[in-house]
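Common to both upcoming complexes is chain A, partnered first by chain B, then by chain C.
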Partner chain A sequence: MMRDTLLSVENLSVDFTSYGRTRQVLRDVSFAVAAGERVALIGETGSGKSVTAKAIIGTLPRNATIRTGQILVEGRNVLDLPRAGREALKGTAFSLIMQDPLSSFNPVFRIGTHLDDVMRFADRRNGIATSRAERRSRIAAVLRRVQLADAERVMNAYPFELSGGMRQRVLIGLALLHQPKLLIADEPGTALDVTTQDEILNLINSLVSEENMALLMITHNLGVVRKVSDRVVVMHHGDIVETGPCRTILSEPAKDYTRALLDAVPALYGPRVIDMAQSDRAPIVRISNLNKIYGRRNGYHAVRDVNLTLREGEIFGLAGESGSGKTTVARMIMGLLRPTSGELMIDAPAPAKGRRLTQIVYQNPGTSLNPKRTVRQTLTLPLKSIGMQGDAREARLIELMGLVRLPQSYLAKYPHELSGGQKQRVAIARALAAEPKILILDEPTAALDVSVQKTVIELLVQLREELGLTYLMISHDLSLMRNFCSRIAVMLRGEIVEEGATPAVFAAPSHPYTRALIAAIPVVSDVEEREKPVVTEEERMRFLVKSTD
Partner chain B sequence: MRHHPLTAILARLGTFLLVMVVLSLMIFTLARVVPGDPARMALGPAATPEQVQALRLQMGLDQPVVVQYLAYITKALHGDLGTSLVSQRPVTTDLAQTVPATVELVLVSVVFMFLVAIPLGVVTAHYRDRALDHGGRILSLTGVTIPSFLFAITLQLLAARVPGGWPIIGRLDHGLGWQGGPTGFLILDGLLAGRLDVVGSALQHIALPAFALSMAGIGQITRITRSSMIENQRKDHVLTLQSFGVPERVIIFRYLLKLSSIAPLTIMGLEFASLIGNAFVIEMIFAWGGFASYGLNAILQKDLNAVTAVVLVAGLFFIVANLVVDVLISIIDPRMRRKEAL
Partner chain C sequence: MADIKMLDPADRGLSAGYMMWYRFSRNPAAVIGTLILLSVVILAVFAPWLTPYPKHVGSIVDFKARHLPPDAGHWFGTDKAGRDIFSRTVFGLRVSLLLVLGVLGISVPVGTVLGLIAGYVGGWTERLISGLTNVMLAMPPLVMALAVSNLLEPTLMNAMIAITLLWWTWHARLIYSVSKSIASEDYIEAARLAGAGPFHILFREILPNCVAVISVKTTLDAAFVILFGATLSFLGFGVKPPTPDLGSMVADGRQFMPDFWWEVLCPGAAVLYVTLGFNLLGDGLRDMFDVEG
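Let's turn to the complex of A and B:
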């Protein structure tokens, strides 16, 4: 069946100029979206997928120039349109679903104000005069479409008063206000918990089919691609690598790059899954009846009666969604927080002056490294604190760089000169500098692309063997944990609801919440989809945070 | 929300009260520690030692400082700030005459600051790194670096050349026969009495000193507004509105301006301290007769009660101004309301 082409991008090339230097960010990009079709634009950081979306919408930054090509929306080249003509397309011909639900709203205006202004000016461009009350009832109707039943409350709320899932729903509602023919979604749900992301993707899917809209989904997550697209466009460094039906691309990709990308995705089930060996050595961390209450009177009970044992040499995964208390547990193990009650024992000889038994690698190396300090300065600090001087320190610096597989010359570099993966390696080297026994990994790869994630995880596995370390990994990425952790515990609202050897937990999750978490992970193959545990609607209602108000 | 918002406001007021107590203690002690006998200075060199001693006893200077302080505070709470040694009138009477003049001057210069600095900040942010922005930067720097008395004198020199004349000293034309109003604020009193000639003359008189006083603040607040606007321009929410075709002017003047007014408002609150400090100089140059010039005389004459009162009033003024700023910010930013209520 041939359908009308709704959007057609032809030979689009875009340059960015900054500090007098010109960089080509898009090279001859061509693809099309038919009416009612769902197309995914996939690529890693710097692939140009977001720039493509911005070029279509017309929100490229000032330093960008469109060198060649055209963007046809229903046969008209929008690049030739006058400014007003282009503005008129916004919200009606196509609209955008933004990625980050919190930062996409101005914090000092009510949600309703945003919605009303968007509707008012789109109406005005369409030559419709509307009253405030009339718009309010139209907005309420759209909010109900995105399953926000109490529209009045949502409109009167300030952005920070809504949950992430609710804000994401409002953003989708914002895009639906004027029944666009094409929805452009820029990584929706990426900033949310996996179960909420799953709900959001389901919502987008059902809206697209009910309203017969076309969808251009921009994402880096191949699992998401499988869930929400009919056709896939793979981008890499501003080029289109390959294009094809979703099923073909995911099962038998033609290009090496796509294949490598798929290989880097941690598998949830099937032959690609890696089982990490169990440790039978002595326990190194023992936690019993650990509690943490924030605030004095009627405080927030963040951690509730947690019992845990970490064995030496194992990789222990603490899984849970935001607010589950996993970071609080890690902070208490590090001694950064004092437990309200309970016991926490670390079975290791007391460290020498300036040394600690535990060190941490943070989620985002972009913010955890001081941008004004070179790698050498960053790494010298912990070495100084353990009293290492002169030649010994220099030798240790070189040794550390070797450990994290970075060339010595990188010691002189500043963080902005390094890629995300390289920065995370520096952060790992910093954590290792003072020879800790236990390394706490707080979502160490969440800010990285999958291919980079793969290499960082491989490095961590090797380091554990070389240095005899014990890892505690905190994450909400269960597919990564499946392949990296030897044991796993799942936290929900401050309590551990399930604990066991990773293969056992994934083979037969006993707690409904664990099942719901695993079921929500976007996977890349139908085989894995079938192996996922089944969750009943009743269980979902009981254990998942509602984002529908 | 565990506490009522009122609790937060009461807690804030409590802090301010504490600041006032500490301030009064410090200035009270300081005024009595610095060398020079206030009784001797009040009576002049011709007085006999017996007369000086009598006055000292009358003022209670022979008692320990703590006792003096407690006596002072007890009286102050009943609205009695003592008698000025120089003017021989109650300090409260002197203050009632001079404080409104200064408050009026400071408030008008705050209005100037906002009228000039906020639009200038918005414009320079919009045209950043272009000629207009560079012009604005030079203007701001000039405002901050050149001392306010230099502006004051320059303005006076320029005003003297205005055809028909422009008043360069005082608060009002004496020829108008104005007897004073209930508040002491000339502009307000003039309006209340329906005397537009008084209002006009008062505005004419206040324009130059208020402008001279506001120059430093204009420079600072322009820069803060500009950087705040630029910072917020890069946020995702601006991109959201752009993506849906909300016009640029609405994004700038409605969404960005409100969000970006928080930083300049905070600076404004702190700016009050230097405004009051600069008012001491400006009032001298323009023969303003406000409480700053009164305070300067009091300090030079070691008029203890007057000095203490002036410092306390200046402190109170600063505190009230910051309270107002806090309230304004919490009106603008709902997150602040929530935080206070926690």
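Let's turn to the complex of A and C:
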């Protein structure tokens, strides 16, 4: 079936100039989106996928120049259009769904005001006079389309009063106000919990087919690609690596880069899954009836009667979505928070002065390294506090850099000179410097690209073997945990709802919430999709955060 | 997806110093401000050699040369005692810069340290320091300064003390808010877990991240200190005559306005020149460091 081309990007090359140096960030990018077609633009950090989207929308930063190429929307080159003409395309020819549903709203205005503003300006631009009441009923209709049934309440709510999923729904509604022909979505689920992301993707899918819109999805997640696209454009360093039907790209990619990208995605089911060996050594952390209540009276019960045992040498995964209490448990184990009640024992000889039994690797290496301190200064600190000096300290610094596979010369670098993966390696080296027994990994790869995630995880596995460490990994990424953790516990609203050896939990999840979590993970192959556990609608309603109303 | 992210890998390898210099050298405000201040510093330091009548700083009276308008011999004219206003203005710049050095040299470190401590330590210490700061900020600065210099003799030293007593509070409050937000960063907790003591965290982890804010604030403050000092001596609570001070020169010339306008205008313009230099540099630094003022 031939369909009309709605959007066509032809030989687009874009340069960025900063600090007197010009760099090409897009090189001869060409692709097309037909009416009603769903196209995914996929790539890692720095691939140029966002720049491409910005070029289409017309929001490139000032230091960007379009060197060659054209962007045709329904046959007209938008780059030749005057400013006003370009503005007029927004909302009608195409609409944009942003990544972060919270920062897209002004916190002091009600949701209804945001929607009304957009509608009023668009109406004025189209020369239509409308009354407030009439606009309000149109807005309510749009909100109902994005499955926000109680539109009146949503309109009167302030952004912070809605859950992340509801805010994302409102943003989608905002994009739909004027029946655009093309919906551009920039990582619409990335900032959300995995179950909410799943719902949002379902919503986008159904809207696109109902309204017969085309979709340009920008994402770094190959699982998302499989779920919402017919055709895939793979980008890398400003080039298009390959283009093809979604099924072909994901099952038999032609290019090595795409293959490497697919290989880096942790598998949920199938032969690629790695089973971590169980540890039969003595327990090192024993937690019984642990409770944490924040606030004095009628406080928030963040952790409820948690019982856990960590064995020496194992990789224990604590899974759960935001607000489940997993981070609170980890902080109590580290001694950063005091439990309200319950027992928490670490079976290890008391550490020498300046040493700790536990150390942590934070989620975002961008914020866990002081930007004003060199790698050497960062790593020297823990060595200094255990009293290591002179040559011994220097030798240990070199040893640490070797452990995390970084060249010695990087000791002199500042964090801004390192890539995300390199920064995370420095953070791991810092955590290991004073030889802890237990390493807490707080979503250690959530801020990294999938190919970088793979190398960091490999490093962590090797380090555990070399140094005999015990890991406690906190994450919401169940497919990663499937391959990395030997045992796993799932937390929901402060309680552990399921616990066991990882292969067993994934083979037969007993709690409906675990099933819902696993089912929501975007996977890259149909085989895996079929192996996912089944969740009934009733179970979904019971355990998932409501994002519809 | 921020475009910064896109540029990041490419910009890696550029040193922080180079990026700073790049932004500075392309910022006209910062460059002009620096040139102005450079000229002021050179004039002030080498005043005895650069001025035509360095002796006119003292109590010299030359009635024949009273109230001469600006000409080739006296660029800024002469005052009621026949002294060269240009020479006195240049020496007045010296006094102004000394005042800035004295006031900011004490109040910036004091305010910074108190602010850092209040922001990081928290609790009782935080309440005490911010309470004290708020009380000090509640006093009208001019009244306070007048009271202090009234109690003490009106000299440059005492004017400095009076201004310093007020000035540290602004820095304390600013650094307090910066320090408080930095204290909640992951890297501060990581440093604590690595065994760092409070001293290390305050001065090695938090302070380096405040440098940008401090330098912008200090530069902009220098302008205010000069204005404030000029105000005090205009009111007669500043530097003792015959030491030339821009504020008291304006005050002296005021009675002869508008006939001998140069006696007010020239020292006044000098105040404007220095203040402008500091303000331009401060704004330039702010753009360069990209901090909120």
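By our rule, the second predicted complex is superposed on the first by the 549 of 549 C-alpha atoms of A that agree within 3 Å, B and C clash if a C-alpha of one lies under 4 Å from a C-alpha of the other, contacts with A are read in each partner's own complex, and residues count from 1 in each chain.
Operating definition for what follows: a residue touches a chain if its C-beta (ideal position, glycine included) is under 8 Å from a C-beta of that chain, and two chains touch if they have at least 3 such contacts.
Here the structure is a predicted model, which is why all the values come from computation and not from measurement.
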Simultaneous placement of chain C and chain B on chain A, clash or fit: clash
First (chain B), second (chain C), both or neither touched by A:160: first
First, second, both or neither for A:312, with chain B first and chain C second: neither
Touched partner set for A:321, first chain B, second chain C, both or neither: neither
Touched partner set for A:381, first chain B, second chain C, both or neither: second
Residues of chain A touched, compared between chain B and chain C (which is higher): C
Which of chain B and chain C A:498 touches, first, second, both or neither: neither
Touching partner for A:125 - first (chain B), second (chain C), both, neither: first
Overlapping segment of chain C (options 79-87, 223-231 or 259-267) - the one that collides with chain B in the superposed model: 223-231
Contacts on chain A seen with chain B and repeated with chain C across the two complexes: 99
In the complex, chain B residues that touch chain A: 2, 235-237, 239-247, 250, 254-255, 258-259, 262, 332-335, 338
In the complex with chain B, residue positions of chain A that touch it: 57, 59, 87-88, 90-91, 95-96, 98-100, 103-109, 114, 117-118, 121-122, 125, 158, 160-161, 171, 174, 297-298
Chain C contact footprint on chain A (complex, rising order): 16, 18-21, 23, 25, 45-46, 48-51, 54, 60-61, 64, 99, 186-187, 218, 334, 336, 354-356, 359-360, 362, 364, 367-373, 377, 381-382, 384-386, 414, 416-419, 427, 430, 433-434
Residues of chain C that touch chain A when the two form their complex: 1, 3, 5-14, 16, 18-19, 22, 185-191, 193-196, 200, 204-205, 208-209, 211
